[in-house]
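Paired with chain B in one complex and with chain C in the other, chain A is shared by the two complexes that follow.
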Partner chain A sequence: MEVNVYEGLPVVEAAGEIDHWRAPELEQKINEVIEKGNNKIIVDFSNLTYIDSGGISVLFLQLQKLKSLKGRLIVITGNKNIIKILSLVKITQQEGFSLCSDKEKVKQSL
Partner chain B sequence: MQANQQYTEITLKSDPRNLAQARKFVEGIATKFGFNDEQVFDIKVAIGEAVSNAIEHGSPKGPLNSIKITADFLNDALELNVIDEGVFKRAIKVDDPDPHHRGRGIPFMLALMDTVTINETKSGTTVKLVKKLKKG
Partner chain C sequence: MALLKKSLNKNQAISLKIPAEASFISLVRLVVAAHLRENSVFEEELEDLKLVLSEFLAKAIEAHLTEIFSLEISFEKDLATILIQNLEEFKPDALFNSRYLNFEAIISLIDDFDLILGEKQRIEVKITKRFNFQ
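And then the complex of A and B:
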């Protein structure tokens, strides 16, 4: 997983599949970005094809941290299966969480 | 388990590194029987959750334990069994916002499959997952 910058915000790029085995890597990458003083973070799932409850738990955990810092967690994905999972757990309705279909939409939402 | 032409099984070591192999196994079978991409995704998440639970809670000896996955196609439905050697984990609601809860596995299975049956015995737990093939 790489960390890049878009419109001044850190972007954690997570491609492929995130399961219980890879979820700790996602948690660590977001932790590193938060520890550098960021409270608005983009997680780019544009090239993610699978996520399970391990990955979802990481998103809930990091969203809680960012909310306590008055920040925001922005997830990018246009994958209908990933969106279905995010909607199922209702993280999309949580304060401080944004779902964008692509990077251009992130720009509009800032 | 009564064997028939459609029956397949795989046995994996209880190790989270094998989750991808479990998903690949069911993806191949579900695709072969005509499930569409969205249904295959649902089946992969459900099997991933069942195997994750088996690794975390159904493996008292860790990677020394094994997890068996069986697959059968009967009456236009895919029937999967995940068989471990331990005790299953209590479920929490799928939309529970508490990030410390890691027990969303069973609610995911219930949301994505048609039938989920959990059978606990002294020798282990079997999770049966059934997905009907909806044509058209």
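And then the complex of A and C:
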């Protein structure tokens, strides 16, 4: 997992699969970014093929942290299955959460 | 190619013995996906099955499953069946304590999730899903 910058915002890029085994790595990366004083974070799942409740739990926990900092969590994915799971758990309806299909859409939403 | 496809469409069960560690769940997903893709099932439906199976295994392992468990995957006509055995003293309550991804909601993605009382009064789990083809 890498951390880059897009439009001045930190981007945590995760590829492959995020399950219970890899979820702590995602949590650590987002924590590092928050600890540096960021309250708006992009998580780029463009190259992610699978996520389960391990990864979902991390997104919920980090969203709560960011909301307490008056921030925002932006997730990028165009993967139908990942969008289906995010919708199923209703994180897409949470305040402070944005779902974008690609980076260009993030730019428009800022 | 036609012969190969015909052969793959027969009910051919695959059996696995997997250490009860979270790091092996991705291997289970890989084997299940590879087996079912040979039968040209719809990818989206396959993802649903992978999710339910992974969630179940993750929760079973979290609930102090420590031995090697066994898993049998079979596919006949349009029906995939996964039988999971050797679950030690697995308690089904462990499935329903997630704050975020409600297990009751995700089993709606498959056709059946059955808890069976097997040998030595141990619980076995049977997951079934019907597929459409590409």
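Basically, the second predicted complex is superposed on the first by the 110 of 110 C-alpha atoms of A that agree within 3 Å, B and C clash if a C-alpha of one lies under 4 Å from a C-alpha of the other, contacts with A are read in each partner's own complex, and residues count from 1 in each chain.
The definition used in the following text is that contacts are C-beta pairs under 8 Å (C-beta built on N, C-alpha and C of every residue); 3 or more make two chains touch, one makes a residue touch a chain.
These numbers were taken from a predicted model, which means no experiment stands behind them.
With the C-alpha superposition on chain A as described, chain C and chain B clash in the combined arrangement.
By the touch criterion defined above, A:G96 reaches neither chain B nor chain C. In the superposition on chain A, A:I85 makes contact with both chain B and chain C.
Of the two partner chains placed around the shared chain by superposition, chain B is the only one that A:L63 touches, whereas chain C remains out of contact. In the superposed model, A:G71 lies in contact with neither chain B nor chain C. More residues of chain A are touched by B (comparison of chain B with chain C). By the touch criterion stated above, A:Y50 is placed in contact with chain B and with chain C alike.
Once the two complexes are overlaid on chain A, the chain A residues touched by chain B in the first and by chain C in the second are 17, 19-21, 50, 52-54, 56-57, 60, 80-81, 85, 88-89.
Taken in their complex, chain B has these residues touching chain A: 16-17, 19-20, 23, 37-38, 41, 44-45, 48-49, 52, 55-56, 94-95, 97-102, 104-105, 108, 111. Residues of chain A touching chain B in their complex: 17, 19-21, 50, 52-54, 56-57, 60-64, 80-81, 84-85, 88-91, 94.
By the touch rule above, chain C contacts chain A in their complex via residues 22-23, 25-26, 29, 44, 47-48, 50-51, 54-55, 58, 61-62, 98-102, 105-106. Those residues of chain A lying in contact with chain C across their complex are 17, 19-21, 50, 52-54, 56-57, 60, 80-81, 85, 88-89.
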